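So that you can tell them apart, the chains are marked A, B, C and D in the order they are listed, and the count of residues begins at 1 in each.
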Amino acid sequence: MSDATLLVVASTLSTGLILGAIFALVAAGVTIVYGCVWLPNASNGQFFLLAALAAWSLTGAGLGSAAAIIMVLLLGLVLSLGLEWLLVRRLYDVPNRNVACFVLTLGLTQIMAGIFSMTWGRWSDQYTLPPLVSGITMIGPFPMTNNRILVLLIALVVLAASFALLRYHRYGRALRAVFQNREAAALRGVDVRAVYRMSFLLGSSIIFLGGLLFALAYSFDLTVAWTMSVTAFAIMIVGGPGSVLGALVVGMVFGFTQAIVSIFASPTAATFSYLLAMLAMLLFKPTGLFLR
Amino acid sequence: MSLLQVNGLVRRFGGVVALRDVELTMEAGETLGMIGPNGSGKTTFVNIVSGHLASDAGTMLFDGESITGASPHQLAARGLTRTYQAVRVFSGLSVARNIETASLLRRDARAGAGAGAGRADGATVDELAEWLRLDRLMGKPAGSLTLFEQRRLELLMRLAQRPRLIMLDEPVGGLALTEVREMIELLAQLKARCSLFVIEHTMRVIRELADRVVVLMAGEKIADGAPDEVLRDKRVVEQYLGTVHA
Amino acid sequence: MTCRTSVRDVRASAASAVLGVTRPVLTGAVSAALVLGGLTYQAPALAQASGPIKIGFNTELTGPWTFFGNSCVAGLKMANDEINKAGGVLGRPLEFVTVDNQTSPTQAVAASRNLDVNDKVVALTGPTSSDTALAMYGYAEQQKIPYLVPVAAFPQLTKPGTRYTFRIEPDAAGWGYVIARFLEERKPGAKVALMYSDAALMHAIVAGFKYQAPRSKLTIVSDVMFPQGSSDATVQAAQVRAANPDYVIVMGAGAFDNVMQNQLLDLGIKPEQLLHPYGITTQVFGWGQRSAGMIYGSFFDHGLDNLPAEGRDFIKRFDAANGRPPSYVENYCYNTPYIFKQALELAGVVDREKLRDAFSRMKGREVTTGLPVSFDKNGARKEYIYFMQLLSVDGKRTYASKQIYYHEWDADAIPVYDLVK
Amino acid sequence: MSARRWAVALGLLALALPFVLEGNRFLAFVYSIVMIHLIWANGMNLLYGYVGLMPLMFAGVAGVAAYAMIYLTRSHEWSFWLAAPMASLGASLFGVLLGLPSLRLTGFYFTLCSLVIQTVITLAFVFFPTFTNGDTGINQIAPPQAPWGGALSGVWMDETLAIVAVLSVLLCGWIVSTRLGKRFMAIREDDVLAEVLGIDVVRDRIIAFFIVSMFASIGGCLFAVTIGFISPRSFDVLTSLNIWLFVAFGGRGTLIGPIIGTIVLAPIPYLLQELQGFKDVLSGVLIIVVTLLMPGGVWGELLRWRDRRRARRALAVGQT
């Protein structure tokens, strides 16, 4: 293979992996909240954006990228706790909470969008975070920045950790029990509301982290919120609600489809192809590819 | 001509055979009981006959016409209907609306025979409601009724359609003892109006209602005959009745 | 359940209402309507005779283009205050009634109507995005309101037959055309790659470039368009790299512009090979120090040669107030009140039709650059562009650039309106 | 006053308002936008409130109709009054096609599926510019011809919209009262049980999608001629979500609910333009408060309160 071909192949790998990992991460966050608590959070795109914007402001104020990330994650935790306490917990016992939660979080989306346009929207039209680490590693002829390698690693580690948590930890077992039969789980002594709260916090934190990693790997603007929301929901459904493994595999398939089709056709064809693939998946395997 | 004739019914789920060459006939006016341990394929059988599930092989005739592959609403139009193990009514609608919805598609109304409009096999819906003691509950949301009331509503909704065959999946499941007694009486009165196919674990129901009993074990029919004979059959007693309190 | 009111019943009562059976209802409805009407009714439009001269400023204060709308407001306010401090126009203060179009064409039409009907503005000016501007264009032409477009480059805003719309920014197809002329001069027979987002503005630029490229003997070696919402361009950057171009023309919507830039640089494309048709301050900050040496198009930049004292003064004061040097968006918006002032003084009265005529024959100047401001029969301005080379970027505070090229041409040098529909 | 009289009064008020608002063309414009959204909300309510499916490609169907209408009037010089029904018919058949996934998917799965479909439609509007002129959009869309010659504009255009909106409410009410409407509600409550009771769920869902797409399409055509400009963003997923929100906010599955939702929420972005970002915060807070206090929507919850009070009163009467 010539260097030029190798370059394209390596760049495809890099794009597929990074895009795939970030989308998988956000989808995992969504899947933990929706698949476990049955609360579809329409505002998770805004959460994602909020994390990225907050990190942008903190680094702009002179904080290092790593410190900013930790600050934002803590901030996200406080915010999710507050939100859970103020709003989300009121929906746990509502009979049609799917819809109620969707409406509620659409309202939240409007509030956040309004706040963004009065604040960050006025400060810039695009945002870039300084890299976590500098330098470039050559993969064959393909130069990959160490920053993006680190982003990829963090995403994969967090995905693996949340997979293990749901599969092997006591919390994960409680969560599955609640999912299968809430009443039975409650009778067996599982604190259902605590499990819900934990899932909401965990899911939201993962979405926050997704936003941070995206911001480290790419420049972003206010429009990223919706793109992210739609894609994450679609990945979650195709992968199977509640399945972190499903989110990972489908996220990667999505990333690679986009990268590979755009070599042979065009970026537009790539976008169409992954959306149509998702449609086909929904139609022919609506329960999702992976069980929880 | 038999009312229902099922030949060589096969259904597999993945590698597991749920039904293996099941043959069954049922005459008009007959009440047939089906028993068998959990997982023996009883509900699968009803699901297939009532059009909820496709079979892998086999044919089904209802009143001499093929109903293989027919959908539930087509079967309803021909007079074959069913109930569910877990009671199923439109819980968000009032009792009256439930009954109204069910009588929307009464067989004779659809066939254009207006003469019987408002009547279900000789009885008006109102009379049926009185008979099933639902007449005073008309305005309540169906979801707020007790289980027994819901079971009776379910029955009324089927009767409102003037069916020829009702397949009942555990009609007394979850009911208290006195309620079971009452339900059996209601069903006994119903026998005069249409054919019944009853899946039950409660042997009392089978003994008191069924003209004939079929036993399914692991997807195979192992016995078929009058209740007294079948319930004394050695294989049935060993493999099934020994495990349940009759 | 309410749904149980059958239509037959409604029909029956409608009939009875018509027959006067339910007269109280009818009376109630009509009187309620009249009360509401009384609250909302306003006297028919009168010419603005006294008080401030009102001009409708319809721009993006929320939604994805918030930044541009607010930047524009900042520039416009500065000039407006200066004019009013110096005595206003025709002896009256100038007032820009600002409304938010939420970056939505539908809202832009609604906002235009609000300004027209409720504020009775003498003219409209406004948005910084092409589709909202096009929606307003339709309204202005239909309602015969003079409409001065500060920052929207889409050519159709001055298509043949346009009467009331006047555009300050040169049209985007022209930018593409002049990029080809510029590259031809810098490197005859250059190989060029294109990377852009699927957006109206980019299509216009590409159309102009593709028209002129063969005439300037340029070869297009790669032509990549990204759908809206794209987030990664690594693969395409590698393909572009493999095609080995002399120049890459990059233009993305929003942050994607910077994503493409960085990924091209990561892959070893040199900054000197990169050309952006336009660059504003925040974009330059995004490109950062690593992009030093790249080229971008502009219509105003603090690195321009020969800026008059007014221009330098504007840069200093804008920087002091906003913490960043202004770019062409702020410059056009700063000049807008002055252009209105020149036209209103030429018209002599505050009247829509007279103001339109004044715009069409005015021979004004941009106060910041001294460049002439006059409009052809379709409302388009004499075309011009600067190309700047980025020298250095100092964090998010300032940057240094130098002017390397200036070109002026007639709007009809290329068949713009055949190229862009 | 009885419910029926209230309905007549409201209808007459809706028809009278265009003349009342004639003095202020801005308010008249906002009113006409609200009327278009009312048509849409009624369609959405039919599918979401009565059949139980939440179609997020609703705006996409409206867009297809609008673009088709413009194509027919511009390229073939058809009259709006012929082009709009034909375009709507075509778009509705397309809507039926897009509704086919509902035969396999229900509930939130169908919603997500429709979300993906809507995303594809929006991208296609941008990427295939032959009919849509891509991201640039189509401007200066001519108003419909008036029967007395010239263009239908001003108060008569507003009145036309009000008439269509009132008709859409009546049509919705009529459909709901027919056997078809009762079948729809049965399907919403439990599609499996509906099927066993003899309802052809597949056929009825297809009929529902056709009717609902007709509402969407006619609204789309009227939207195009009222605004005079459309672009792919006019018919994106946010538009669908907004219409859905009107229905959910007001109370799904009631005739009054979507009217309340539309009248309260639709004018906010127009009438509160000066508030900028605060207006989004305001409507967001409103939505959240209503969802928490009235999870069944404003009207749905009022009905429930009324029923509960009646039940309590009945109980009290029974005890005495």
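We take it that a residue touches a chain if its C-beta (ideal position, glycine included) is under 8 Å from a C-beta of that chain, and two chains touch if they have at least 3 such contacts.
Just so you know, these numbers come straight off a predicted model, no measurement behind them.
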Please report the minimal path length, in steps, between chain A and chain C on the chain touch graph. 1
Show me the overlap between the contact partners of chain C and those of chain D. A
Note, CA centroid farthest from chain A's centroid sits on chain B
Which of the two pairs, B-D or A-D, is linked by more C-beta contacts? A-D
Quick check: how many Å separate the C-alpha centres of chain A and chain B? 48
Taking each chain's mean CA coordinate, chain B and chain D are separated, in whole Å, by 42
Rounded to the nearest whole Å, what is the centre-to-centre distance of chain A and chain D, using the mean of the C-alpha atoms as each centre? 32
Cα centre of chain B to Cα centre of chain C, whole Å, reads 71
Where chain C touches two or more other chains, by residue: 61-62, 198, 227
Which parts of chain A, given as residue numbers and ranges, touch two or more other chains? 113-114, 117-118, 268, 271
Among the residues of chain D, pick out those that touch two or more other chains and give their numbers. 123, 127, 276-277, 279-280
Would you mind giving me the full set of chain pairs in touch? A-C, A-D, B-D, C-D
Over in the complex, which chain A residues touch chain C? Could you list them? 4-5, 7-8, 10-12, 14-15, 18-19, 60, 113-114, 117-118, 121-128, 136, 142-145, 214, 218-224, 227, 258-259, 262-263, 266-268, 271
Spell out the part of chain C that touches chain A in their complex, as residue ranges. 61-68, 70, 198, 224-227, 229-239, 241-242, 254-259, 262, 266-268, 280, 282-283, 285-286, 288, 396
Chain B residues within the chain D interface of the complex: 50, 52, 71-73, 76-77, 81-82, 88-93, 97, 100-102, 104-105, 107, 110, 157, 161
Touching chain D in the complex: which residues of chain C? 1-7, 9-10, 13-14, 17, 22, 24-26, 28-30, 32-34, 36-37, 40-42, 44, 61-62, 99-102, 104-107, 109-111, 113-114, 116-118, 130-131, 134-135, 137-139, 141-142, 154, 156, 198-200, 203, 227-228, 420-421
The answer for chain D against chain A in the complex is residues 54, 101, 104-105, 107-109, 112-113, 115-117, 119-120, 123-124, 127, 237-238, 241, 245, 248-249, 276-281, 283-288, 291-292, 295
